[in-house]
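There are two complexes below, and they share subunit A, which is joined by subunit B in the first and by subunit C in the second.
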Partner chain A sequence: MLKLDKDKLQDFLTELAEEYQVYLPIKKNQQTDFYSFEKLLNSSKVLEIDLDARLSVKSPKSFLFPRSESYLEFKKDNERLDFKLKELTGKPNLLFGIRNCDQESFKLLDKVFLQEPVDRLYQRRRESTITVVGRCLDQSETCFCQLFDIEPAASETGADLYYFNSDHNLYFTAASDQGELILSEYSQYFNNLESEKETELRMQAEKFNKTISTNSNNPLTINKPELLYENKEKIFNSNIWQELANRCLECGICTYLCPTCHCYDIQDYASDQTGERYRCWDSCLFSNFTEMAHGDNPREETYQRLRQRFFHKLVYFPEEQKESLACVGCGRCLGNCPVNIDITEVLALAGGVIND
Partner chain B sequence: MTDLRKDPLIPGKAIITAIRQDTQDIKTYQVRDINGGKPFDFEPGQCAMLSLPPAGEAIFSITSSPLAEMMEFSIKNAGRVTSEIHNLKIGDQIGIRGPYGTPFPVTDFEDKDLLFIGGGIGLAPLRSVIKYVLKKRDNFGKVDIVCGCRTCNDFVHYQEITEVWPEKSETNVYLTVDKATDGWTGFEGYVPEYIDKLGFSPEGKTAIVCGPPIMIKFVVQQLKESGFDPADIYTTLELKMKCGIGKCGRCNIGSKYVCKDGPVFTAKELSGLIETF
Partner chain C sequence: METITKQMRKLARESLENRLDLIIGWEEGRFDWQSKPAFITETNEVDRLSFNDYSLKNLAGYLLKDKFKNKNIGIFLKGCDYQAFKQLINYNQINPDNIQIWGIACPGLKEKDFNGIISEAERCQRCQNPIPEELETIIGKAEAAIQNSPEDKYQEVKALESMATAKRFDYWKEKLSDCIRCYACRNTCPLCECKTCMLAGGDSNNDDWIDSAKEFSQDFFFHSIRAFHQAGRCVDCGECEEVCPVDIPLTKINNKIRHDIEILYDQSEITEEESVKGPLLDFREDDPEPGIKGGTPNA
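And then the complex of A and B:
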């Protein structure tokens, strides 16, 4: 473990930014999200690096799977049609200060995008992206990652670097060759620490992981996510979906903020005879998601679409992907749904169906 | 460095080499790569994504035989992309990617009697199998083909269906229309009615059904009731698709993606799905 004095953080990041496109949590208008460090340096405004926020409002999945990504240019000239690929330019990304839930969500996205046939638009970003995880030593009231066996203070979830944010320092450990390389290349910013402090942090992490996974008082973790999987017929045909649909506004905020939602649309944008093809996030909650050209829509009703969303996460995804559940308990949907529909409520209602 | 050229969403270039107006709103397009060959190899029942920027992309069943040196698509003018397709002229270039989906298992069909049941434009994917089977005629048992359309003016490939297919050995073609017009003297009635009347024996027979969802539903039910093993009834599912490779999420039904696990399913596989349309 190596420590970095927070007073030196900006200098360290400035040097990192020469090699990487660094993104980190910045507080703007009372809201913390990932922004480019380079742009922050070049702006005249004073912006606040916020490593204390439990979670960014938006998920960092957008750095691997952008909200909108143009990948093809086309040009029409009478009968002739030409395509040109849009290559990525610029430095590789370094995501500084993401949380373990989001790191775990990348693994779920990997299952979708990196299974054959490999999605190379995703792969080109994924393979060049360095992740630095800020280990959690507390949870916010909307966190429930333990429900998915995620240890928020862990340091073995696939990131390149991990740090503890404690007192006036960040305490780093490397978990990949690239992580090691960063610690050695920028060694002037790091100091060794007393073995007592290292032991203390490790014990604190272990204790925290254990406490939250065994705490049975957390209302968000009472119902197990396997509930749907194990009772799928009964829950599929229950009226809980209609109850939820009566409230749902179909705004899609849950799908946009969800770090594991991966549905997308492909559209062309053109001015006259030239244009671009892009893909962008889409939502299974929108009525035109499954509407076909001849007008038929197999999921015409809101309740069918809501059911599809939760069944996809908790039944279909695990069936297809060796029991992985497509939720990481980040709680963004809890915090942001305008009518308070979220996965823990679905589990609670489903639990009711089973106990009926 | 990731080679973007190999990305599954990147289309290749193809050219329209023939167009035939089949019905008022269906045309059949012959498509070749720019060197005059088949854009890519495929198996019967598989699909291709056609690109017509700036209208976009849409997925279609390949209706030609996999043994042919070109591809054909029978396309109904129904939406944004298909209306753009209907404006195409011979020589126009389009984008194409694929093949997508799990094909009909034609090698499993060998030595069996085959019963094809197609409704309307649903004949498109069946035609690829039928042409393959008729080309390798000796490898298969008896072939019965039932085709239904709204009126006699709605048959796609009418000449081929009525003049070429019945000439093959042990091959029967049965046609029906929902409404007899323009001097139609054949059977009048919906496909399930006609199937009922024809009364095919399930013995040693594999059924291959494609058409509007409501027709598929009734026909499959009828075949099961008349003794067909659900594992011997093949059909196709239709859902909206964007990527064709099981990632964009649109065609997800249960733990399956129609674009990669389908569009071909047996009635047995479909009865195992939790959601039915």
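And then the complex of A and C:
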């Protein structure tokens, strides 16, 4: 474990930014989200790095799977039609200070995009992205990652670097070769620390992971997420979906803020002779999501679309992906759905159906 | 709040026993800083109803849902919700005959921000109509309703207007570039009443006027056209800004247009009177035409 004095953080990041496109949590307009460090450094605004925010507003999935991504250019030249795949240019990304729930969500996205047939657009971003996880030593009231066996103080698998944010320092551990390389390449910023301090931090992390995973009073973790999977028919046909659909606004907040939602649409931006093909996020809550070219829509009603979202996360995804559930308990839906529809409420309602 | 809740439950119980099929109100949310819309059909469920500091959601928009169209509905409306309700009638979107409305004298509500800080809801600080006075039944005490001075209504608009054009454009560019196009602003708006939005995410993708690509031009196009379509309708209930996950100050755009319309057409009150149509529903020869050479500047 190596220690970095927070006073040196900005210098460290400035040097990192020469090699990487660094994104980190920045407070802007009272909210914290990931912004490009370099861009902000060059702007006239005061840079407010916020490593204390429990979670960014948006999930950092957009760095692997952007909101929209133009990838193919086409041009008509007399009778010829030319295609050109857009290359990814620029420095590799380094995501500094993401939380372990979001890091774990990358593993789920990997299952979708990196298995055959491999999604090359995702792959090229994924392979050139370094992740640095800020360990959580507390939770906000909307957090429930323990329900999915995620250790917020971090299990050290998946990211390149992990750090503890404690008192005036950041305490780093490398968890990959890339991570090791960064620690050695920028060694002038790091100091060794007393073994007592390291033991103390590790014990604190272990204790925290254990406390939250064994706390049976948390209302968010009472109902087990396997519930839908195990009782799918009964829950699929229950009227809870109609009830939830009464208030659902059919907006895309839950799907767009969710770190594991990954549905997309492919569209063209075309003029007479030239054009671009891009893919962009889509949401199963939108009424045209499953609309067919001939006008038929297999999920015409709101309740069907709402049910699809939760069934995808808790039934279809685990069926496809060896029992992995497609939720990491980040709680963004709990805090942001304008009408309070969240996955833990769905589990509670589903629990009611089973016990009926 | 407790008195309002008690009265809500009482009214709901009585009317479900008599003639209504469905009551639309609020109930407690997941956390004590939340509140969510409640749809009650059985008398044994009325105790779920609850009005708290966070019962911001404007319920009027739910009356547009097809599934509720032929039901006898009882609905609770705060002052701002009632303004929206009147507009839905003006625009012939709902039939008030089978709707029972109960007004709430609104004490002004609260909101919790990203950092966990609880404050008076911004929208309530501009509110000029906390009590739906025209209604027969109003619950909550009139003297407890929030009181603002008329100057509070357009303070933010005035600040915006005082910015130089280029600076104002930069301001919106920065704000709108955060948009994720979840369309929550549109979907939560009680007066975005189109069945199919021609801008985006409608029932036929091919007809979308804006591109799904995350480009500033498209974000700008979406928000500015939506604002123009709300001209003459928007009642500043603040729903759009409230739901926006990235905090785009959308009410500033709508209020700027509201302010302009009030100056141009000398009309600030929303009424149900047939003789007074909305400013953009009515054409008169002497209408101001500030955009036309030789046109009259204002009313």
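Structural remarks
The working rule: the second predicted complex is superposed on the first by the 352 of 356 C-alpha atoms of A that agree within 3 Å, B and C clash if a C-alpha of one lies under 4 Å from a C-alpha of the other, contacts with A are read in each partner's own complex, and residues count from 1 in each chain.
The rule is simple: a contact is a pair of C-beta atoms (placed from the backbone, for glycine too) under 8 Å apart; a residue touches a chain by one contact, two chains touch by 3 or more.
As the structure is a computational prediction, the values presented were derived from the model and not from experiment.
Placing subunit B and subunit C on a common subunit A by superposition gives a fit, with no clash between them.
In the superposition on chain A, A:Lys76 makes contact with subunit B only, not with subunit C. Legend: residue contacts after superposition of the two complexes on their common chain; A:Lys232 is shown touching subunit B, with no touch to subunit C.
Looking at the shared chain after the overlay, A:Glu243 reaches subunit C, while subunit B stays out of its contact range. Within the superposed three-chain model, A:Asn29 lies in touch with subunit C and out of touch with subunit B [touch as defined at top]. After overlaying the two complexes on the shared chain, residue contacts for A:Gln267 are found with subunit B and with subunit C alike. In the superposition on chain A, contact is made by A:Glu291 with both subunit B and subunit C. The vertex angle at subunit A, taken between the C-alpha centres of subunit B and subunit C once both structures are aligned on chain A, is 90 degrees to the nearest 10. In the superposed model, A:Tyr186 makes contact with neither subunit B nor subunit C.
No C-alpha atom of subunit B lies closer than 6 Å to one of subunit C in the superposed arrangement. Across the two superposed structures, the residue set of subunit A contacted by subunit B and also by subunit C is 265, 267, 269, 282, 291.
Listing the residues of subunit A that touch subunit C in their complex gives 29-33, 53, 57-58, 66-68, 70, 140-142, 243, 246-247, 249-253, 255-257, 265, 267, 269, 278, 280, 282-283, 286-288, 291, 334, 336, 338-340, 342, 344-345. Residues 29-31, 34-37, 39, 57, 62, 67, 113-116, 178, 180-184, 186-188, 201-205, 211-215, 242-243, 245-247 of subunit C are the ones touching subunit A in the complex. Residues of subunit A touching subunit B in their complex: 71-72, 74, 76, 79-83, 85, 87, 112-113, 117-121, 123-124, 127, 232-233, 236, 262-270, 275, 277, 279, 282, 284, 289-294, 296, 298, 308, 311-312, 315-317, 319-320. Touching subunit A in their complex are the following residues of subunit B: 1-11, 13, 51, 53-58, 76, 78-82, 89, 91-95, 213, 238-240, 242-243, 245, 247-250, 252, 254-255, 274-275, 277.
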